[in-house]
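Heads up: the structure comes next, in structure tokens.
Chain lettering (A, B, C, D, E and F) follows the sequence in which the chains are written, and residue indices restart at 1 in each chain.
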């Protein structure tokens, strides 16, 4: 039995449920999914400012999971950071020795294996540059472009959902011809349920970050891979943390 | 039930059995592994020249699998090219709509998720530059170095196996300090059984390409991902092939 | 009269005083320096994990300064993030329209103007990869290498200070010959007082990040430059923040 | 007397004659041109799949030339791979010590010497990404774009030739303004006879790959340059080849 | 008292006066500005050819300043090369130990601190590629595009000034939407007086190279930074210069 | 009959004779070599400062050649700038429509065709960074390293010649093992006569820039290639030049 924690770093419980359900629907029979979100932080994550706070929330969830009584007997085999900005992934890799993956990293890896060029379509323009930095960090700058649909994340829920979908599809379609994209990556965790529709309507692979990252971390967990504790992801050196963060002080 | 074909593009049946066994030992209960090699081509793959011939052998195996009577009812869900040079992967992606992954690509993706810098250690110096080109193609040039152990692939079998292992370990260890590597990628399909030993002796993650690629393609197959048929991996246009390759003519 | 806030994102008040004094000693007569640190967070910043917490502390200081009664009449003209990891700089640029600069960015800009190749020497190995990522982000990867002295930040204070200095000097000197560096950048805010000594002993320019960033932000403030509010550094969109971060919710 | 072999890796003898004639028309009086094509393989080369087979055909021609009785007394001084995809060039460099050049490499080198930015215009969209990979491999990514005319190679022969020319010219012209290209590279071996017309009509340099590669290899042959046998292009290590490829086994 | 020399490498004295006045209006009370131009060379600098001659003129001014009787007692603290092509900056860094900065370098550094993406708008198309090479050299290629207004430098003076401004504004505005630029850099020294107008009309930061470079060099001079005399900017080795350049022979 | 001008931009007539002889010994029977140097400028070219003056000298030679009475009837077919720093090449491309090539560009193109990795070995350390910038500009940064022998150019003449050769050979040999170089490029025009000796002693290809550039420009001249007059190398716009440069004013 393998245990995967899918952590939504924003505060929307509906969203946490959604990504948890999606994760459960695609993992193997021996994989157990825990879907959680922090108890503090932003309601959604759009841009660098939100990310700074969501990172701390993410770390709080990992800390609590690893401090839980059953953690030694039955440890988490891998973590998915269920946000397309890969918020806090580097810090999380310092905190735990289980592998950690963000949606962007997972999605780019699978997209690159099925398409020679592809596009990320994200809701908000404010996310384009942060995503371009991630794309460069992951080495995909020569094959991946980032476009924004010009809608907000929450627009994909409720009455405006179809209008949001159409805005996103318009950018995806434009990318196929203008950017010569061969596949589309959904640039937000909240889009997991529109992947199939978009794939059918466009006739190209559509990669959902939740699915890609969950399956990839499940694969890594089954192989027993751990984050290297030498170098950049070494456990944080022992030191004092003050004030409201005192509970986060590294134990060295 | 998902069916994954692991194709060893060289002619060594012992080697095919070895990677097949390794693949079977790590996939889920619902995944069926077929391990095959071509009927013609080089006995091992070391450098650009061998690759040219092994590519055709690889394509012959895929062609035959996709022409088999049961292929429509029970298609292959994904292909692993069981060679660390990712021989013929681009051509194979044109031939089939199932996802195709080489060992190098699979291994680099997992290595990048557990280490900020890492090294590929490959047997022969002649492979270093071809692997550096792959590393650049996969966008990992700023975090991955390639080293050669100075032994031949077959040295890892039989009486010289320990000496070969020691040569490889020496380079891996040197990379941890000289290159600040945080993990080691085994740069050859034939090394799958030494990953655990090396990991224990060095204390850093050791990534075996067979394991990484098989688990990643299994994940992609389960998600129903297909290679994009728009752009670089489109089906080859209809045309005549002559002479001993006439049976490979694309059907358009 | 121009007002520059130098924010030390860690909790060491001695350190805050030190960088404040250094800043005051180099700015013009019409520039007022405010040196502050957050009330919560890590005692020092070494690697990705500490950064995640220090970012929030940094943002809390900026928020409080901009909410202060005299802010409208006498606004802050620029912010220096007095940490060489440039912790939270992107998020801070979203929060304020005053220009924001980290020590690494400031130091790299001046180093590149006086040397064709140079090295950052930082205390801890755990900081090397985060700094290499900054160097790449700032476009200096082809001219800047990062080395670690193998000492901790606090070693530069008190009895071990000379040993720490010698360790740092050894790496700096090695870089002049082995990396063909032409100048040295001190990769930590706490080293501001050793710049002159090192310059005299090595005979090459030594750039201290505090000095570089403070003078550069003072220059930008005097020119009336503001952070662009279009694109990546736009004000964070209005939304709810929960729990202990509720006071940080963007006002839209 | 210098002997240059121009090898068309596809099976079109008319095409082989055409590139042979073009080569003969531009070399010096002391250079002898041999134009050949393999006896097996694809009728034309469009994309990765065709390339895999054409590479083997190319190698068969080189092998046979180097095994010919007069080869020792009167060796080939250089090889041109007369395909713009530079099919099999790396493998060919392992097989022979004479220098080997593809059309793309030759054309890019001359284009970069007469223009600061330029475009490759190729017939088929399926070739755009393979050519972009070549452009990156040859270090020209910051100055060269690739466009497709949307016609097939054979369209440049017979009744549709003018329509094909107009489609190509349209893309070339668009590149001058939209991409700020300063010269045009013809991205196919079959276009050698339209270079002059296009140059006259557009008023910018037009580089034909056959001419560029033949003259460059002629220059290298006259200088007595040989492919390095140390490293990536070392002679393939001795090994067994099986089945229909047994005749290609390297002699070590 | 600090002394900064602002050298206009072209022969327009009106232009020299303009940049001198601009420099004086922004430096601190203790900074003395000397604005000079050479006695020989081109009337304006547009492209590589003009640059070759302007470089020598620039060096003649620096040589004369450093040979002046009061130079030892009251040395120049820093040089600004008041041309956006950064003409002769590398050579000037060899000639003097004072820091030297061109307008492009100064402007890019400040632009990158206030915007994640930005555009240089320059008068003439012939300058676009030289500026793109500078942008790449300064490591800003992934965040900076270059556009030309299609007017000549002198058009910004006299009757046609408003038409020239409108042409420039049109390109700047287009860049905000088409290139997602977040700030505009004025790509010519002669535009210093339109920065405020453009900023007001576009609502994004507008960076003037003269202001940016003068303030940055003033900051560096105050910090006592000198150009490294080890490596690329070492004093030129002693040798003979002939003919009309004999007076420029390095003294070793 | 084709006419190639080989211009040594420094003032050493012995050197001019040497490169002229070398050029004549390798071109075809129908190629006429003119070897010239300017009448003013530095005695040798080592680093950025010398380059600034040598560029003007180079342009003076081209100007005079193109103004000569027989130029229209019998124009120069191509120019070689016989300096490994490619001094003034961009400006020269603006001045003439004949193709222009520096030694570095010519040598890198041939080296890349016979080796997957290679090293430039240059006499003086001061040239290393300027050459690294050229290497990057020519797109060879991932396959070419630059080393200095630590001797001066003139050391290759007279009594110290063998010591200079041994110093160079030592660096070349070290590069074969330490950098995995597969070929050596001689990084100075004055080394043309040691290429054969070094090749014999090291057993790898040794590329001499004079030979490479002369043969490549001869090839381009025979193909009738001209420098594009659209974009970066357009003829310099009409303007006034003052003082001692008045004779260089572009005619528009």
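Rule of thumb we're sticking to: a contact is a pair of C-beta atoms (placed from the backbone, for glycine too) under 8 Å apart; a residue touches a chain by one contact, two chains touch by 3 or more.
In this text the structure is predicted, and so the values were computed from the model without any measurement.
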Would you pick out the chains that touch chain A and also touch chain C? B, E
Ordered by label, the neighbours common to chain C and chain E are A, F
Chain located farthest away, centre of chain E as origin (C-alpha): B
When chain D touches chain F, do the two copies use mostly the same residue numbers, with over half shared, or different ones? same
Listed chain pair B-F, E-F or C-E that repeats interface A-C [over half of contact pairs the same by residue number]: E-F
Farthest chain relative to chain C (centres taken as mean CA coordinates): D
Just how far, in Å, is the C-alpha centre of chain E from the one of chain A? 44
Rounded Å distance between chain B and chain D, as computed from the means of their C-alpha atoms: 29
What positions in chain D touch 2 or more of the other chains? 93, 116-117, 125, 128-129, 136, 141-142, 180, 231-233
Inter-chain touch pairs (all): A-B, A-C, A-D, A-E, B-C, B-D, B-F, C-E, C-F, D-E, D-F, E-F
Where on chain D is chain B touching in the complex? 11, 38-44, 46-53, 55-57, 59, 88, 90-91, 93-95, 124-126, 128-130, 133, 136-137, 152, 231-234, 236-237, 239-246, 248-250
Spell out the residues on chain C that touch chain F in their complex, using ranges where they run on. 116-117, 142, 180
Interface with chain A, chain D side, in the complex: residues 125, 128-129, 132, 136, 141
Going by the contact rule at the top, pick out the chain F residues touching chain D in the complex. 26, 28-30, 93, 99-101, 105, 109-110, 112-118, 138-143, 176, 180, 182-183, 203-205, 207, 211-212, 215-216, 218-220, 222-223, 225-228, 230-233
